[in-house]
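There are two complexes below, and they share subunit A, which is joined by subunit B in the first and by subunit C in the second.
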Partner chain A sequence: MAPLLEVKNLQTQFKSKDGVVKAVDDVSFHIDRGETLGVVGESGSGKSVTAMSILRLVQHPGKIVGGQVLFEGRDLLKLNENEMRKVRGKEIAMIFQDPMTSLNPVLTVGRQLSEPLVTHMGLTRDQALKESVDLLKMVGIPNAAERIKNYPHHFSGGMRQRVMIAMALACRPKLVIADEPTTALDVTIQAQILELLEKLQAETGTSVMIITHALGVVAGMADRINVMYAGHIVETASSDELFENPRHPYTMGLLKSIPRLDEARKGRLVPIQGSPPDLLDLPKGCPFVSRCEYAHPESETILPQLRQVPSVSDGNRSEHWIACHSEVKMGDPPKRAAQEVA
Partner chain B sequence: MRRFIIRRLLQSLLLVWAIMSLTFLLVNIAPGGPEVVLTQNPKLTREQVEAIRVSYGLDKPLYEQYVTWMSRIAVFDFGRSYTNPRPASQLVVERISATAQLGLASYLIGMLGIPLGIYAARRRGKLGDNVVRVITVIGSCMPVWWISLMVIIILANTVKWFPQGEGTGGIGPWFLHLMIPAALLSTGVLISFTRFVRAETLEVLSQDYVRTAVAKGLPGKEVNRWHVFRNSLIPVVTLLGYLLPALVSGAIITEQIFQWPGMGRLFFQAASSRDMPVLLCILYIGTILTVIGTLLADIGYGLVDPRVRYD
Partner chain C sequence: MSEQNLNSKSETNVDKASDNSGSTLQVNHRDDQTAESLALGEAALTDPNVLMSVRNLEMHFPINQGIIFQKQVGAVRAVDGISFDVRKGETLGLVGESGCGKSTTGRTILHLNKATGGKIYFNGQDITNIKGQELKSVRRNMTMIFQDPYASLNPRLTVQNIIAEPMTIHKIGTAKERQERVQELLELVGLSRYYGSRYPHEFSGGQRQRVGIARALAASPSFIVADEPVSALDVSIQAQVVNLMEDLQSQLNLTYLFVAHDLSVVRHISDRVAVMYLGKIVELADRDEIYTKPAHPYTVALLSAVPIPDPKAEKRRKRIILTGDVPSPINPPPACRFHTRCPLAQQICREQEPAFRDIGGGHLAACHFAEDVASGKLSMV
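Up next, the complex of A and B:
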């Protein structure tokens, strides 16, 4: 069966005085029905811009300059603004990073929850408000019937993110994109929100694309993970496979830099040397080359394309792709020290 | 809310009292004192000057004068004008209507700055926005009195499109007479509104909740009305209140230039002839307008922004 969402060769660029920033450069991936896709990468790796591009929310001076976003076979990039509007919130909904600023401060929570229901489902204001009460109950907000009359400032950060989730799920979308849904929250609340997302996904069967800079967030939740770096997908594999058998040096670096509870304390955490490349001035070859401990001679000049590698965790049933010239595994001795990036 | 308003009204009374006391003091420490106009005629003998001072109560010690003055302005009695045998308050009250007409008309014209600012913000960086920005910058660089004189010379004297002075007769001539001074008096308010609303709207357009509204698939009209303007116009409410007294103070120059028979022109005349009772009476009205404007701004803020609560 065709995937729910298929992104092909997506390119999104930002024009600035100093040049063109290729925030998303030739990115392709897919999401199946009911699947949870994790997208991991550091700030500026293009993960949020990818999400924004799917819903065509990229703001000036950003522009989608190429590729396709096929949702149930329709190319969203070819729809007119009115058709696109009917996709937003109804077919694909989005949860944003900062719940403190993502809700309108002067409208009641009930009113904001009602809006998509009135717009997309043709409900009256009263029906939509009743439905909003159920939505708030669904995300675990007590005393929902009273709470819909409150304004966002009456809610804590975690509660507001629950409201955002309720709002995203209001029209039973087929895909929910969660852009760093827990980054702005306390650690204890983060766990609650992730649990809630998982539970609701199981109940509604919606697909989820969860974007994060923390591998730990998606570890237990995602079926598959895309790792992004400098606008490219550098590795994609099933969640288990990625943690068990990372093949891209960047992914390995990420895994080495986070503490693990399931292993004995062997020593220090190893950070990735250097800093991400300047997106205005990307190297000709692999964007990770200057920080890479395993850099291949070709990496300096040739941009590696995604290639399939055998996946070990489940007997090669799932696909595992990396964009790297080298053949290395976790624990291999480094071929060279990473260059210091000025 | 009611408790807040009562408390604010009491505070306002105190404020008016303080401002008026200070004004009284300033007038009295000015060189020559308040009676300089009455006494500077060289033909008056010492006895005649003294008689005049006694008739206005200026011979008494300052604190005594202050107490009498305060108790009288409480009932809106500012004493006799120095240049006119009638009571100062009467002279001023006669002029309120003319100034109010001018002020209200220019206030309404000034509010056109709200749609203008929204328009500029929505066309940011495009031709329409640049035209609005250039005109507002030029407008705020040119003094109103200079623009007014140019308008009089060109429109009234040379082209003779508009008459001068206050209109008499039907509504047509009244409107013709009112329009030009009102438009010129409004320039400051208009420019403030335009630039303020433009900046606020741009600020709100970049807010996360506007992106949320778009991501929900709401029609553009809904997004603009409930998520952009509903937020960007909140501070305008404040400005509406604060700019209220500016229309009276602005009228001083405009009325003088256009020979408009209002309070502003009376103020100018009173200041030139050191007619202190009249001057103080107009300042009193200005003070009260300022206090009311601020109070209205605060109340308005509480009505439009749910985050502001006064209890």
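Up next, the complex of A and C:
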């Protein structure tokens, strides 16, 4: 069966007076029905811009300059603004990072929850309000019938994120994009929200694309994971495979550099040297080359393309792709010291 | 101090009474006198191994009403009676969720807020109420590393002037000596010694944090409060800064109070860890002890909520989902503050505040059932 969403060679660029920032550069991936795709990367890696590009919410000076976003076979980039509006919220919904700023402070929560129901589902205001109560109950907000009359500032951060999730699920979308849904929340509230997302996904069967910088958040939730760096997908594999058998030096570096809560201290952390590259001045070859311990001679000049490697954890049933010239595994001795860029 | 002892003594008596009344859950008896003196007594204040001591520290921010005739109508009890020691050369991790008072604790110790109650001792000297020149001379020995490397460096000053500022304030060395010292410091934190003439905007986040660390070290302090020093940094940069802080600690014999919400980083860097909830320290123990044998239900829940970057370990774990939100510090729940969210809460938890007591080997916890939680006899799942 064709995947629910297929992104092909997506390119999104931002023009600035200093040059063109290729925020998303030739990115291709897909999401199957009912699947959870994790997208991991640091700030500036292009993970949020990818999400915004799917929904065509990239704002000036940003522009989608190439590629296709096929949703159930339809290219979203070719739709007119009116048709696109019918996709947003109805077919694909989004949960934003900051529940404090993404709700309208002067409208009651009930009014905001009803809005997509009235526009997309053709309900009357009264029907929509009734449905809103059910939605609030579904996301675990107590006393929902009273709470729909409240304004966003009456809710705590965790509760607001629940309202956001209720809003996203209001029209039973086929795909929910959650952009750092728990980053602004405390860890015990994060656990509540992640559990809620998993539960609702199991009930509704919707696909989820969850974007985060924290590897831990996606480890337990995602079926597959894309790792992004400087506008490119550098590795993609099933969640089990990625953590057990990472093959891109950047992924390996990330896993080595974070201390684990469930393990006693093993000595110093092993950081990735240097800092993320300047997106205005990317190297000609691999964007990770200056920080890489395993850089191949070709890495300096040739941008590596995604290529398939054997998937070890599940006997090659799932696909594992990396964008790297080198053949290295976790634990291999470094080929060279990364250039010390302090 | 005496007030706290009195409180805990009276609590012990009530505990015993409730035992006699046939409660099915055993409340563990304890000798508060020994526990207090062992861990937090006056003895610690003269202990040469203790650098910083805090006793019953309170920081209440007043809430005022009225335009002309203002009157206080309440207080945000950000820090509400906490006691702990920081030993020389150690890193004490202070963790908790937003609003628990961990940053306020760090700021109050450094006199960035004026404590509304309790005592602060530095090197055995009571520094709670010192002012002026005396405060200035104490402050030379203690500084802070801030969370946000973008907001904590003055954009109009060169890195040279930023790092030299503490030396200027404390009148250390001549201009020439200060310049040399800045170059030394830049190298010490892993930057080029020639970066002094640059401005903050020319640096990345990780580099700025290094500048902030160099500034903190300029006046050669012995005690540093690091308030979320890595949480604003990218994942790949965090490890660099954590390693740098550890290297500096061993080279310069520094003592850290490491305030953070990331429990994985805290486990890595700290010798001992204190957990705060709603203005109180609920548990304090050696780092591996607190992670393997947590004795307070809040610590157990907090640890179980942290996602681990390993799908297999994630599937094995049982997550304890706390219901509800953190109550308001303006009007915290009576008795045990955690009882509104605690899955183990009993009647006693709603009636009496548990003492912060030693449950063995310097492991301090403020829970009526701490021993049973630590041994696993009382399961949270």
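Going forward, the second predicted complex is superposed on the first by the 336 of 342 C-alpha atoms of A that agree within 3 Å, B and C clash if a C-alpha of one lies under 4 Å from a C-alpha of the other, contacts with A are read in each partner's own complex, and residues count from 1 in each chain.
To be clear about the criterion, a residue touches a chain if its C-beta (ideal position, glycine included) is under 8 Å from a C-beta of that chain, and two chains touch if they have at least 3 such contacts.
Worth saying up front: this structure is predicted, and the values here are computed from it rather than measured.
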item	value
Partner, of subunit C and subunit B, that touches more residues belonging to subunit A	C
Partner chain(s) touched by A:Lys284 [first = subunit B, second = subunit C, both, neither]	neither
Partner chain(s) touched by A:Lys199 [first = subunit B, second = subunit C, both, neither]	neither
Subunit B versus subunit C as contact partner of A:Thr101, first or second or both or neither	first
Which of subunit B and subunit C A:Pro276 touches, first, second, both or neither	second
List of subunit C residues in touch with subunit A within their complex	97-98, 190-192, 204-207, 210, 234-240, 242-243, 246, 261, 263-265, 267-268, 287-288, 291, 301-315, 319, 321-322, 325-326
Partner subunit B, residues of subunit A touching it in the complex	55, 57, 59, 85-90, 93-94, 96, 98, 101-108, 115-116, 119-120, 151, 153, 164, 167
Contacting residues of subunit A [partner subunit C, same complex]	42-43, 156, 158-159, 186-192, 194-195, 213-217, 219-220, 239-240, 243-244, 253-255, 257-262, 264-265, 268-273, 275-276, 291, 342
Contact footprint of subunit A on subunit B as seen in their complex	207-209, 211-219, 222, 226-227, 230-231, 234, 304-307
